[in-house]
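Next up: the structures, one after another.
Okay, so subunit A shows up in both of these, paired with subunit B first and subunit C after.
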Partner chain A sequence: MSSKETSTAVAKPRLKSGQQRLFALIALIAIYVIFAAFGNRFFTYRTFMNILEQSYYIGFLAVGVTFIIITGGIDLSLGTVMMCSAMVGLVSFGAGVPFVLALIITLLVGVLFGVLNGVLVSYLKLPAFIATMGSMMIALGLSAIVSKVQTRHFPSRTAEVGSWFQNVFRSVNMDGTVIPTGAFWLVGLIVIAVIVLNKTRIGRYTFAVGSNEEAVRLSGVAVEKWKLIPYIIAGFCTGMAGIMYGATYTTIIPQTGQGEELNAIAAVVIGGTSLSGGIGSITGTVIGVFIMSVLQVGLMSMNVQPHYQKVLTGIIVIMAVFIDIRQHKKR
Partner chain B sequence: MSFFISSVAKKLLTMENISKSFPGVHALKSVHFDLVPGEVHALVGENGAGKSTLMKILSGIYTKDSGEILYNGESIDLTNTREAQDMGICIIHQELNMMNHLTVAQNMFIGKESTKGFFLDDAADNRQAADMLARLGMQSIDPKELVANLTVGRMQMVEIAKALTYNSRILILDEPTAALSDQEIEYLFGIIRELKEEGVAMIYISHRMDEIWEISDRITVLRDGEYVGTVVTADVTQGEVIQMMVGRTIFVETKSESSVPEGAETVLEVRNLNAGRMVQDVSFDLKRGEILCIAGLMGAGRTETVRALFGADKKDSGEIYVEGQLVKIDSPADAARVGLSYLSEDRKRYGLATSMSVAANSVMACLENFMKGPFVDQKRINKVAEEYVEKLETRTPSIRQLVQNLSGGNQQKVVIAKWLIKNANIFIFDEPTRGIDVGAKNEIYKLIHELAADGKSIIVISSELPEVLRLADRIVVMAEGRVTGILPAGSSQEEIMTLAHDI
Partner chain C sequence: MTKKRTFAGIQMGTILALIIMCVVLSLANRNFYSYDNVMGIFKQTAFNAFLSVGMLLCLITAGIDLSVGANAVFTACLMGAMNKAGVSSGLLMMLVALIAGGAFGFINGVLLTRLHLPHPFVSTLGMKNVLWGLALVVTGSQMVSGFPDSVQWLGRTTIQGFPVSFIMVLIVYVIMHIFLSRTALGRSIYCAGGNIEASRLSGINTANVLTFCYTLSGVMAAIAGIVSVGRSGISNGANATQPYDTDAIAACVIGGASFTGGKGTMVGTMIGCLIITVLRNGFSLLSIQSSIQNIVLGLVIILAVLMDVLRANMEAKRRRLASAK
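And then the complex of A and B:
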């Protein structure tokens, strides 16, 4: 006699991964429609370009950190590493390094920070929160040291060297029409990220580790390696974000960037990726990114101070996490 | 089946003089174990006897300190699970290790996914998974279904199917039936017999003697990390094996009549309790000093009933009287206030803060009584914790020991101490001996009897009929969310089963 009552009898809530993403998409459309109706000249090509540009660097940060968050990890160093890598690139440019090489250096710094974070978390088994907080501080200090606390600038469209930079990474102005070249990069990243996350081993293990790391280990998989890779991906994206940020705003101020990681994480969470790991999507993250930038641009078009945007973003994040928890609550 | 011990049968595996120590513990001392192809070899012993350690060595999770493992006649040295899997040695852990957010096929082929160049070939894995499941007669499981949406029984089947993807020659099943219904167990046994035919050797770890006699060919007994002996199942009785396990004879008696004195007052009365589909119109009462067992099949609504009673789940309607007074129980805190306590089967999850000490857990439910102004009065806590460790004979080196380092039975005692200190009068035990070895079970039974003799009133939910017959002064039988009968002590198993099937 050995019947069992509790575990099999209780009907489990079925996991629905796409549901929150759908909510987010509806929310994005709703917000857009509201601003189009009530905002001042919101529904224009110009404003749309503005929204796109707001999304470039945050998009790169958010797509990268989506990988980390699906493994159940977190990265608090994104914002400062983005600024630090841009700064290191600019300083080397200033020191006579060819501009293209300076951009590659920018990317490399991002990747190196990703490797650092990943090794700390996966091989040395540090909690991701603490390890990446340490990296955040290192990046913050490093950008001040290499720049000697001097603000630096990426080349503008009229610069002698690198005048192509903004054309390639931000937009081309042709006969008064703006072609958002930055968006091509972002779309390219999104396509690659979607493929990597859903169609390759990297993606499979990213989900698997976030779902049940011990099970993956017991299946004979080298977990450490697969936990490291998402941090490197995020590091690469962060370096790219540094370039995108430079193209959009040109000015890099040392010791900044703090808080951008939280914007990126907020976008990821709004898009339905679970902070407890195992669930998430790139498309959700992209929707989250656009919710944030539409809010930002939209509120500006209604002449609302940016502080209100922060409050609203906070409320949306809390709502998103609330929905996430409600959906995946056990019993 | 005696051909298994004849030297004719070629040994698939021989583990000789295996020893393993952990800091402060000599977990295995010169243990012997062997396997022939196509046999089901049960490995039994009390908790802490070394079964898991031995199996973890065989599956590459631990490395042995000394001894030799011969596999197919060759000496092997395993340093990780991957090596073991590559050799065809696979373990299915008691606590299922699955990736809930992944599909069935993705779980089965983790670590060896089919690829087309840089990309995963999910279609191929889904096809292979379907074939594998079909081979085990589990066509009804969709390879594309998320594991989180499967029942525990089906998850177990998927784990077995996954093990077979490694071309396993040796399959270790650690308490595979702990979470399965009777029907699922029968199904599992069907699969085991099929694998036997194919020559897969299986090591079967279980506390359930009936199952071992149904499915195994031989039994190896461990006790305190030492090898006691290997016997052919058909040649021995359960009593003999239990005696090998504990090194002493255990006398199992059943209660022939209620030990509750006549005219004992009613301390708890449940009237027409309703809570969802699983609890319909449930009524019963409980006397002072009584042990009331709730019996029934899987899904009969027993746990749901006591959870609703205790305020852990929402009630739809019904009245509860404690010592004659109508009480309102909307939360576990309400229940505790009127003297109820609930000891769930999942002690780690609901009953204990396992990373805290025995002392801290003992006063967890009533810390407010152990304060000196704004400060925690550690002296008094230690005193009362010591007192109850002694009273309940909890085996712990000290009250500062972390609960996670205690055995299941002793953890149970800490939960009981907690509620005794809280001054609970009514104890609800939900499967108090699940996953506990024979020796510790007896201690739990003794403890429950002592609590009752002490004037506490007790409700026990149990799925094991011998346990019910041994403990109960009265038996409430449930089926499909309803009470189908209340039987006196001394009723037969048949009477209970008849009511349990009454729908």
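And then the complex of A and C:
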């Protein structure tokens, strides 16, 4: 997008990004302390688990979309695709497909939407937000069609088939102590994402395309391919988020998921990833994810209606973008 | 302005598409060309047509306003909240709605121009969430009905079956057409979209022009909110998740507006609005469920933008060839 601006900033983004990450970390601790002081029974193990569980699916969405945002793109279809992929998986499970295969189908649907978005943006050169807005509507429609507008449920712990599902993806109760198995998945994802972004060609080209796409093209690199890959990564993460969401909340309602993408994007931008592309980090995103989930759980513990949270998320996004711009200007 | 010819070309194409759709639907379903249904189409178009005015202005400036749909729902809910609180004057309700809608549009404009957020789609998306939440907050997420007649007049009244709201749309479109093509401010909106730096250097206060566009977009959304209250008799905060914004974007882009800015006409947008409504109306006549409508509309948007991108690429290529000669 505004690749010209960022190309000169690329010389010292590490420090800037690091500063904002530190700032975000301080904000996270401050928010946590405030809720612990004023919230109703906030400072408990149970609430901590709540925050953790809230972070699973936002975490997967946010880590995936970090790759896209670093290339200077965006994905508005995250939330609806997450629900849609979970729904397609559930419906195929209901139709007699083995449960493991249904989960793989869930992942596949996410990847397919990622491929669709990526091809539209990189090869057909559509503006990212409009292409993903189109696929958002497709995902909304698809989830309603396959489910015949009926709510479906993932198997609970007591279910005949797939009772292991929540144990594997949410938490397991071992003689009274609850072990958050979902957190292992999240940590695994974070480790892999950090390695991919910082140590592989995929990561290098993701940054390069985001900071100066034209220069990368002129140096003989197939830009289209490297712009497509982040969308596929995000698609995979979105499918995975569908599974994590299913494990945490079990209930999937068709035609929902709008607004979740904003939670994820807010987390990414809070973590110091610039919407202009070329700058960003996974660790920052993770901090942003926890800020979002602490806010959600904390406001709930103070009995604030969910509507206010919507207002707050909107304001947070606007403010985070504002800070992002200010940082660019200071240079 | 050599672009004029392609403008006309696009519009001929879209008009042709509209006519073909109407013919096909008339053949497929006898009810389509009944007087009631045609009037129903006009009535349905009004809401989207008002939203599209604001959307078009923002698109011309190379921006976008994703908060129009939520803004319309919010203003409707604001009137609902006033109704619940015992305000009996419909005029006051509408006035407050218009001011509130305009104010949120103004905030969008200020965020973009004074605080220099370069991504209107992110800040307006944030604003969409804010307005969605506020719509639920002011009404306590309840549906409100029983509005005074003066509020419902615009959306409900018909003259011999012809909806007043659509007459209003036509008046607004004619005024906006003259405004965009004949006045200095209107022309400077196109200039700002074509090349913002050049228009700033040539003495146009681009910040004010952009702020004006977003404010007007908010006011138009408020009018759409009033229309929706009249048409349905209720205000419902849950409607904020409906894809109103995408309908408006689709109408503008089908009508020849471009995301790169500087393009788009009121006439084209009008045709775009009619195409969207005919599409939705035809789907419900053929009893195709709304979820498939969403998929098709999503594809329509992608296709329309794709054509726009291809057009821009071809133009760039032509220009390159011309300069090479």
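Keep this in mind: the second predicted complex is superposed on the first by the 314 of 331 C-alpha atoms of A that agree within 3 Å, B and C clash if a C-alpha of one lies under 4 Å from a C-alpha of the other, contacts with A are read in each partner's own complex, and residues count from 1 in each chain.
In this text, a residue touches a chain if its C-beta (ideal position, glycine included) is under 8 Å from a C-beta of that chain, and two chains touch if they have at least 3 such contacts.
Since we're looking at a predicted model, the values are computed, not measured.
*Asks:* Going by the touch definition up top, name the partner, subunit B or subunit C, that contacts more of subunit A.
*Replies:* Tallying touched residues of subunit A, the top partner is C.
*Asks:* Taking the superposition as given, does A:216 touch the first partner, subunit B, the second, subunit C, both, or neither?
*Replies:* A:216: touches subunit B, not subunit C.
*Asks:* Is A:121 contacted by the first partner subunit B, the second partner subunit C, both or neither?
*Replies:* Neither partner.
*Asks:* Can A:279 be said to touch subunit B (first), subunit C (second), both, or neither?
*Replies:* Touch partner of A:279: subunit B, not subunit C.
*Asks:* Check the residue A:51 against both partner chains and state whether it touches subunit B (first), subunit C (second), both, or neither.
*Replies:* A:51: touches no partner chain.
*Asks:* With the two complexes superposed on chain A, say which partner A:237 touches: subunit B (first), subunit C (second), both, or neither.
*Replies:* Neither partner.
*Asks:* Between subunit B (first) and subunit C (second), which does A:200 come into contact with in this model arrangement: first, second, both, or neither?
*Replies:* first
*Asks:* Between subunit B (first) and subunit C (second), which does A:103 come into contact with in this model arrangement: first, second, both, or neither?
*Replies:* Neither: A:103 stays clear of subunit B and subunit C.
*Asks:* After superposition on the shared chain, which partner residues are touched by A:111: those of subunit B (first), subunit C (second), both, or neither?
*Replies:* Touch status of A:111: no partner.
*Asks:* Touching subunit B and also subunit C: which subunit A residues?
*Replies:* Correct list for subunit A: 1-2.
*Asks:* Considering only the defined contacts, which subunit A positions touch subunit B in the complex?
*Replies:* Against subunit B, subunit A makes touches at 1-9, 12, 14-15, 17, 195, 199-201, 203-204, 207-208, 210-212, 214-221, 278-279.
*Asks:* Which residues of subunit C touch subunit A in the complex?
*Replies:* Its residues touching subunit A are 64, 111, 115-119, 121-123, 125-134, 136-137, 141, 241, 243, 246, 249, 259, 289-295, 297-299, 301-302, 305-306, 309, 313.
*Asks:* Going by the contact rule at the top, pick out the subunit A residues touching subunit C in the complex.
*Replies:* Per the stated touch rule, the residues are 1-2, 74, 76, 120, 124-127, 129-131, 133-138, 140-145, 149, 255, 258-259, 262, 265, 275-276, 305, 307-318, 321-322, 325, 329.
*Asks:* Can you tell me which positions in subunit B touch subunit A when the two form their complex?
*Replies:* Counting only subunit B, the residues touching subunit A are 61, 80-82, 85-86, 91, 93, 97-102, 106-107, 110-111, 113, 115, 118-120, 146, 148-149, 151-153, 162, 177, 179-182, 184-185, 208, 210-211, 278, 296-304, 345, 430, 461, 463-466, 493, 497.
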